[in-house]
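A, B, C and D are the chain letters, set down in written order, and residue numbers restart from 1 in every chain.
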C-alpha cells in the first residue's frame, strides 16, 4: 500500500531510487499471446531519455530495458512482465553538498516528513527517473491497445511558458510531433518555444507548459460510471506525473465560460449508424464512459524546480541558507513529458479496456 | 471492480440508482471509537440537498440518512458503517418520453454502450443523486479528520461563467461561504453570480464555473511519492464528480506561465522551528506529499447538460430528433457542488491520514 | 480495508451487526443483463434460515431480502447490487447479563482487544448472522455461473462428530441433500447424525463436523498460478466462515499418506478430445488452475461455542466467573453451514470466471 | 490482477519463470527505518535452497539475492523493496522432450488451458522456484515482526507419509528443527522420516506430509472479523504454496470430533491481568482475531508430482503416451517447505500487524 501500483486489471508496480541499483516495473495482468519485443519497449524509453537535444538535460542516462520475466519466444506468457533498467550515470557526489538541505519546491522536506529519512543521492524515489519504468510499462499497454482494439495514443507540447501553439488535435501526426525537439506540431511556435527554453537555460531559469494528448479509436463503453470514471482515472494517472499541477478533459476550464446550450455536444447518426457528436467538448467521455470520439486531455507542468539561480531555503537544523544548484538539469520538462503522458494514458486505457472485457460477458 | 469503491484504508462503496429504492454507502475501515451522530451526517446532506434556493433545482429530495450499521451508543464500532438514503421524490413518468433518446452530453448513450441497457427512469447510476452517498461518507471522514488531526476542509464557488470572484483562500470562513445561496465568499461577485444564474434559468440555459477548496492543518507527510500522490488522489476523487472537466492544485494552469525562479516556494523556518514556505504555489503538496501548508485545489464544472432549450439528438433507432427537456433542474450546479468537493477532499485526506498511520510505526 | 470485502472482479462488501438495523451486502462487478429475481435470492436465504428444524436454532429470524439497487425489470444493470435484510427477531435483553463477560471460544475478548469496544447485544459483527448477506450475494454468483458457464455448486454434510457418511461426490443430487434436515445424502448416516445432534442438545452440548462441496462443469483455466490459486481463494473464502477450523481440496490431509505414484492423476483423452484425469485426487485444480474435473473441497466446523453447560471464564475486570448460556442456539451448525459453503464457493468461482474473461482476450 | 500480489498493507508482488532471466519480488508498504541487511534475506533463502541434503533435490540453484531498491545505509527507505534472484542452474534442454506432454498432477495442462501457451522450459511460472521470491519477502516481514512486535515464527515437519512425529508446539526451538535435514524436532521420528524418504527416492517415488507452524507473541487484535479473518488469510497464503492440499488451525479436523464442552477454551486471568485460555484449541484466533495465544497452523503437502516411474499421460495432440521423468527432483518437499510456510505466515502477520496500526488510532 505504498502507492507504487497503478491500475486494477492491467496493474503495474514500479520500484527504484534514482541512485540505487536500478529502477523497474512489474506488469501483472497483461493478457497472454501479445506479440511484443524488447525493442518496442526500448523505443519508447529512448523517446523519454535525457540528452536528446540541447533543450533537455545533458545527462546521458542510457536507459536499457532488460526483460526479466513474462515474455517467451516473442509473446507475453500472461504472467507478470518484469523490466529492469539499471542506473548507470549516477554521480551521487554531486548531491552530497545538498544532503542536509531542503531544495525549494522539491520533495526533500516532504520525504523526510513522511519517512524520517531519505536517500539524498538525488531525488531518490521522488526522482523523475522513476518515470522510465512507467514508460516501459506504457509501451506494453500501447501494444495491447493497438493489437486488440486499434487504439492509438499521441501527445505533444501545446504550450511553453507564454507561447501557445495552434493545434487541431484531430489532425496531429506522430511525424509532426517528432519533427522538432520541442515535440510541438505547430512548427512556428515550436521554434519560438525552443528559443524561449534556450533563453531560460542561459539565465539559469526554467519554464513550464502544457502537454495535450489524444487517444483515437477508443471504443465506446470504457470507464465506470461512479468513482472510476475514465476522466477520473486519467486525472489520477496524469496528476501522478512529477511536476504536474493541473488536468483537464475536453473543454476543461475554458468550458466553464460557455453556457450549456453552447457547450452540449449534439448527437447525430454517424456513417456507420452509431451515434456521433457534432462537437467534442466532452473530450470523448460522457458520464465517465467513453463515447467513441477522440479522448482529449491536457496536463499542466510547472517550471522545473531545479534552477541554477541562488535560492533561499533551510537545512535540517532549521538554519536559513542559500542554495545554488549545480549539475545538469532540464530547463523545461515539456518535451520529455510527452512520452510520459502517452504512457499514463495507455496504462489507463489498457486497464479499462480489460476491465470492460470482464463486464461484457452475457448475451 | 465496477468502480463504485473509493479509497484504500478508509474505503467507501456507494450504490443506488436515482429512481430505485434508494442510494447508500458502506464505509469500511473507519477506526473505532469515533464519536459521531447521524445528525452530523444529516447536516452535510442538507447542505447538498436540492431546493435550498431558487438558484438550484426545485426538486425536494428530502434526503434522510438512516444508519444501518457501524454505530453503537454514539460511536463507531470499527465495523462497516452503512448509510441508506431512500428515494422519495422519484417521478419516473417524467422520463418516460425520453427513454429511447440519448440526451446530449449526458450518460445515456455511453451507459447503453457499456451495459447494453439502462435504467431510463432518470440518470440511473449516472445521476448526480449518487453524490448524496458520497456526502454522507464524507461527513464521517470529516469528523475523523477533525477529531484525530484537527484538519478542516472548506470549499466555495470561485467562478460562475464569466464572473471571477476575488478570494484569498487563507482567510475564507464557513460563515462567509454560507452567507449567500451561491456559496461565494466574495459578496459582491456572489450577487452578480446569482443574477447570472437567474438569467440563465429564464433562458432555459445553464452555467458552469469553478469551485475552490482548502484543507487546513494537514500534517506534513500525507500522500505517497509515486502513483498515489496526494494531488493525484485528489484529482481522481474530484474528477469523479459529475460534470467536472478540470482540476488544478496550487498554481495550476496559471503557474505554467511563470519561470521556475518565480514559481518556487522558498523555505523559511517557521515559529515552531518547522520548515514553512513563503509562498504556496505548490498548493500544500510537494512530490506528492503534504508539506504542512494549506492544500488548495480547484475543480472546473461544465454548465449543466440538462437545459430547457430544444436540442438536436438521436434516438436508439438512429433517427435524428429534437429534445426539449422538461422537469426541474439546476441551471448551475456550482452552489451544490461545494459540499461534494468538500466530501471528496475529506475522503482522500482521511484515507491518506490512516495510510500514514500504518507506515509511521517504527522508532 | 476493514476486511469486509471479498473478491476482485465480482466483489462483495457486507455490513451489519446482529442487533443493529440490519445486515446487507453490495455486489460490485456483476455483469449486466443477468436475469435474476429477488425470489431466487430469497430461496437461498431460506435454506440458511434458522428454525428450519429441531436440529438447528429455534430462533425465527425470518430473513427477508430487499433489493435496494442494481436490478431493473428483472435483470442486472451492471451497477452495484445492494441487498438489505432487516433485523427483526433481535432480543438484546438476552445478552445484557453477558455484556461484561468474555464467552469462551467466542469473539468477545478478541473484538474488544481489537476495537476497544463491542456491540454486546449478540455477536455484533462477529455474529454468524452476517453470513445471510453472503448467502444473498452467493445467490447472484450462483445465477451468473449457471447462466454464463453451466457451473453447478452443491454441498452437503459429510461428517457430524464421530459419524462419517459414505458419499460419492460425483453422484450427489440436490434432492438427496435436501431430503433430510441434516443435509446429508447418506440417509442412514443422516439419521444417526440427527440422533447425535438431538442427544447433544439434550445435554446442553454441541457437535462439529465436516461439509463437503462439489462444483461441476467448471471450465479449465480458472485460477491464477501464484497467490490467487483457485484452492487458495477457496480456502480463504471458506476459512472466513464462522467456526471453520480446516480446509482441504481433493485428497487433502489423507493424500499425504499416499506415495506420488499412487497419488498422481493420470491423464487420458476424454470423449470430446480434451485431456481428462482417471482419478481426481487433485480435486479439480492443478497448479492453482481448474482442469475441468469436479472441484471438490471440504471444510471442518468446530462444535458450536455456545453451549448450555456452565463454563469457566473471566469478565472485563479480570474476575473469574461461571457462565451458563441461555437462549436458543444451534447444537450443530453443520446443516445450516451447507448453504454458506455453497455461497462462498459460488463467490470464488464467479470472481475467477470473470477474471479469466479479462485475460483470454487475444486471438 | 494476475494474482501475483499478496497482502494489502505489506504488499508483495512476485515475478519470474523458472528458466527465464530470474525471479524476484517487490515489497510495497514496508515501513521506513527498519534495519535489515541483504545477509538476513540471504539467510532465509539458504534455508530454502535445494541441494542442502540427500533428502532434497540435488540441483544447485545457488539463489543469490540482489537488493535493487528500497534499502539505504542498512535500513528500509519506506519505498518499494525490490529483490532479484537470477536463474543460473537452468538446463532447459532437460525439458525439451516433455514440451508437448502434460505431466500428471502438474500445471502443464492447466497452464495451457488458461493462457493458450506456456514456457515449457521447466514449470515456468508454476515452478516452485517462484517461492524463493516469497522467502526473500518473508525475511523482510520476519524482521519487521521481530523488531516491531517481538513476534517469532517457527515451522517444522510434523508428518512424512505414515510417520507422525510427537511434538509439543509450545516447546519447539529453531535449533531442534535445524538439528536434522528433515527439519522435524522429534529426533527419533526424524530418522524414520529420513529413511522413508531415502527409500522413496530409491523407488523413483515420492512422499507427502504435514508442516506445522507456530507464531509466538502475536499481540491480541490482529485479523478482521469477517472475510479477512486471520485464519482465512493464513489459509489463503498457505494454500497458495505449491503442492499444498489442506490447511487447519488449532484443533482443525480432529476438533470436529469433540463436543463443544470439550472443545471450548476456558478463559482465566493471566499473570499480567490479561485474559488467557487454559487450552488452545482455537489456535490463537477467535472470531478471526488473534487472542494473544500461540497461533498454530498445519499444512498438508501432497507427494511430489515428479517421480521417476513411468506414468500414463497424453500429449498436446491427444495421443496417450508414457512419461518417465528424468532430472533431479525432490522425493519429498517437506523439509524445504518449512521455510516457505514460515515465509507465508510472516507475510500474513506483518500485513495484519500494519493494518491494525491504521485502525487503532483514536484515544
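Following the convention adopted for this analysis, a residue touches a chain if its C-beta (ideal position, glycine included) is under 8 Å from a C-beta of that chain, and two chains touch if they have at least 3 such contacts.
Predicted, not measured: the structure shown is a model, and the values here were computed from it.
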Listed chain pair B-C, A-C or A-B that repeats interface A-D [over half of contact pairs the same by residue number]: B-C
Furthest chain, CA centroid comparison against subunit B: D
Centroid spacing, where centroids are CA-atom means, of subunit C and subunit D in whole angstrom: 26
For subunit B paired with subunit C, centre-to-centre distance based on mean C-alpha positions, whole Å: 39
Between subunit B and subunit D, centroid-to-centroid distance (C-alpha), Å: 45
Where subunit A touches two or more other chains, by residue: 1-5, 8-9, 14, 29, 32-33, 78-79, 114-116, 125, 225, 355, 358-360
Contact footprint of subunit D on subunit B as seen in their complex: 8-9, 29, 31-34, 78-79, 147-148, 225, 354-355, 357-363
Footprint of subunit D on subunit A - complex, ascending: 1-5, 8-9, 11, 13-17, 20-24, 26, 28-30, 32-33, 66-70, 72, 75, 77-82, 84, 114-119, 124-125
Residues on subunit C engaged by subunit D in the complex (per definition of touch): 1-6, 8-9, 14, 102, 104-107, 109-111, 113-116, 123, 125-126, 130, 159, 161-162, 200, 204-210, 220-229, 231-240, 242, 244-253, 255-269, 273, 275, 277-278, 281-283, 285-292, 300-307, 309, 311-314, 318-320, 355-356, 358-360
